[in-house]
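A short worksheet on the structure shown next.
Lettered A, B, C, D, E and F in written order, each chain numbered from 1.
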């Protein structure tokens, strides 16, 4: 029933290749099927101005898409002079999600910026960015710990994200573009490795939904996240 | 226990005054306690370019805050030359939420812009903007129908929004600023008049949460939305 | 003869309601007929950089208009990424006018920003902003004096503004939009409570004018300002 | 008493050299003492969009200052990405003033843009720009008439501008920078060749002023404008 | 003598992998040692406005660098709101170079945009972008020809680029970052497959140079270009 | 054969008038035929931030064109909100070229900004800007040396620039606009007074070129530069 032939609860094939950008403190290329996102982590040894002298660290994210990551070319945001609303919304989400898994006291007064650049898009780029972004973050934090700069692990748990939606009347996991563009309701679920919730975002894009449907989607998400966390572990 | 003395499931006092801006096709001033938002609806008789010749209409929203709506003055976005990420995220949410309650075929090829300007802020401005924005939209659509320009009602149902969160370990409804700035988890729930879900956005801002907590918050939200819809009806 | 039926020397009904924005150090909603402007004063305890270590304070103003304050919706300046020339010209005028009534030594090294946001426009918004802005400024300065932060009153006198113009060949006071859009010559007169001149701006928008006409308009303005100052006093 | 040794009613030496920019339809370099402004007029054979199919023409102006026109280098506005408020205020004034001397029906549906670029600044640049801008406009209109494109002269009269102010307690004509930076009150007077008023802008920059003082300044201005108009005639 | 141990006339290892972005009409990932650039070609079936109804096509380029392509993170240009001067200079060069190898009549009224995004930088990114960009262009043009949309091959010849410079007093080919940051003179040479010159850009960055040195560098470049063209052919 | 009747190796008439802007530390108006550029040098007594505490000075340049310097009016960059790619490319070139002739240790921690504003354009503006910009720089440095602020001359040699190209199949020197717009290949050559090369930029704008042609153009350039350096000396 799904355009890709997947079962309702199937993720797309996952691949996470680390160390892809030699200059970054942590990096990976995550592929969720045909969605490919380059994630890098950059450490700065001072926090953003609003955290000066608080003892707290910060994790933030920026998101971009190459102009031809999509079926038709999008205007380059650097050339048009501003980031689109969608970009800003996504990068705020990524930053919020990753911060929820960080002990900012243990991190100390420094900032880690996660850059997520979509090389190729086929739905679910923000979820791939979070799942891959956490791997880059993990690698960068490992470096800080190995160097003795940070002594207690600031990462509380894995963080991973997956999309779910109601496609052709059925709850499905990990929508690709063909599904995403048709789904009446879809959402993103961000969970920790131990299954606690970080963020739930469900939107009716054409048809409103019920509490029962939300429960079904959340069940699907929990199953998907478990596999994503396993993939993160395998990659590291 | 709540700073305001409200019970866990209490909304703040609601007031919706319509017809507050004489030039707009629909307008109201909504007050949720000390949060005051001016909402207006402006009809344009042509749709945005991407809907030309599709037969579909569009509803969109813009959000702003007067510089001194808050405790300390914020920089005027018009002067700084761009809207902040928070502003963009909020106005996209308002537009999406209101569109979910619109039959865009019945609306026909026209656009209604809902402007939501926060005069005074005390938490929950985006929810107040959605609840009040729907009233402005209803009034504008009434005008179109009275004039015979639109013949079948494009509004499928009421749309209203309320925030919920976990404050001091307890699920609470309709957070004010004092609660919002302390809550470990909070979210916004947007429902129709008949209780169907349009958007659920829950975020851990310090502590992750469980499915059981999400269920409790959703219960609170359903109670709050019923009262907000009643207030919308009373105002119209 | 005037569209509103007013006599040549009639102001529109004036109303000034103070304390309208709870967070601001001073605020009011001024209504000149159907022109409604929210004015707030925000105190910062340090001056702008160019006044550091001079002992002098600063008063500045920003002006905005809600998109649907006017008959047809204007583009939101925050969204378009810059303030229009008209906006910049107006806010520079408001700041200059209010500063002319301030003893900047007595104010000391601090800045007061007057935000003037037009909720509804029907001509004469810049004059209403000055008259109302002075009330907000007065309230904020009162707070500084009550707290003993400022000991000698930095406000030298009232400041109020009114428009005049030649409409249908006749000199008229306080033009509304219907008159303003037809007037061949119009201008703004800013005076102190004791009748001294702060700023005179007269422009031919279609027909040049004579010194005699300017004298007549100035006579009208003096009469109008006296009433505006009385309204300021009543409101405080 | 004046830093330059001039009498109260003395203009600075005026020079207007025409034909200075070979590509422009009209151009001149105007010097008022050490204030030097290049003025050019560019004709476009269609009006701005808002005048399409109205039969009316438009005259507009843009103003700029070379970064090192002043004593210390100013940031180049093209590099900083926006025109300062002062620039915008000035170019709006120049455009308004010149339009007041134009029969827009006779001009027909075309636009003339007057560019005024300050090569060297010593006070009074906006007045020099108006006086020189009118010469450039006159030359461009002459070209249109010679070519038979415009048959009835759209220029109703000369337009010229001069500054006046109260310096060291005395009313003075045509302030240079040394005077301008000290004057308690100053203003710009824009008149036609026949002495009718186009724009009066008087501002208290430190001391409020009286109607009598305004009268004295206007007297000075009338004398100065007569000389400027004579200089315009001599140059053409 | 070279930090990498290469001989003076050695290129870095070249790799060109095509078909790397599934949505693009042509794409490749070019690696010159540790410099990695993603190049894609996007066809639009109409030319830029200035070529409408001329019968001519257009090839243009945009260049970007991922924030962490370099040793320390650069600010994302989309976030800072403008492209840096260096970026603009580079993308103009790429576009000019590729256009020089195109018969714009044969291409017809369409536009091909070459996006060059640097994934990892180690010197010579603009040259890699040109060499790889031509491969993407070739693939896109092949598609147009296979589809019969373009019948006569618009690509006149290969286009490839290489940098040369004087490092430690010696002329060297294909500078990496370690060399580039120390070179007193360097430049970029863009040649066709048959060895004709398209663009020569040589700059003294610390030490001026002689005509003899320029001759030596050009000799090196010719050798390098021949290898790059061979690599292009091998990749296609 | 040349539209101007000049011989292949003829420069246009050169004129360099110094001291044209009274506020600048150095200034000149350079005319290469109908191309007129105002050049000024402004000294700041601190270097740009990236050179703090390095002991090194900086020379940079900004370039602009009056809107009506050209045959049809160009949009004012300050009004459009950004500098065009061409402007940025040119001003980077001017800065680079002038720096190549400066001993930045001898200059010490200060910055000199060369502003080059084209009053009238007829081809070759960037070359005129470099040749004239050097004169302004020389004058400003003279001032620093006369004041004893700089003791060892930081200017190593003259810097001058000239364009060459292949017009109607022939190598020509110092192209004017009529030639430039038709030339198949053209370039800019920047040399020192002693004939060493600073920058060579040759581009095929329609026809690729050979090494022999490049040699011919460089011969022409050397002859032209010698005359330009002589004109610089005569002007000083």
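The criterion applied here is as follows: contacts are C-beta pairs under 8 Å (C-beta built on N, C-alpha and C of every residue); 3 or more make two chains touch, one makes a residue touch a chain.
Source: prediction; values computed, not measured.
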Path length in steps (a step moves to a chain that is touched) from chain A to chain C: 2
Of all other chains, the one whose Cα centre sits farthest from chain E: C
Proportion of interface numbers common to chain E and chain F (over half same, under half different): same
Selected pair, out of D-F, E-F or B-C, that shares over half of its residue contact pairs with C-D: E-F
Euclidean distance of C-alpha centroids - chain A vs chain F, Å: 50
Distance between chain centroids, defined by C-alpha means - chain A, chain D (Å): 59
Residue numbers of chain E (touch at least two other chains): 81-82
Contact graph of the chains (line, ring, star, complete, other): ring
Ordered ring members, chain E first, chain F second: E, F, D, C, B, A
Footprint of chain B on chain A - complex, ascending: 82, 85-86, 88-89, 91-92, 96, 100, 187, 192, 196-206, 208-211, 214, 218
Touching residues (chain side chain B, partner chain C) in the complex: 21-24, 27, 34, 38, 40, 42, 44, 62, 64, 66-73, 76-79, 81-83, 87, 113, 115, 117, 119-121
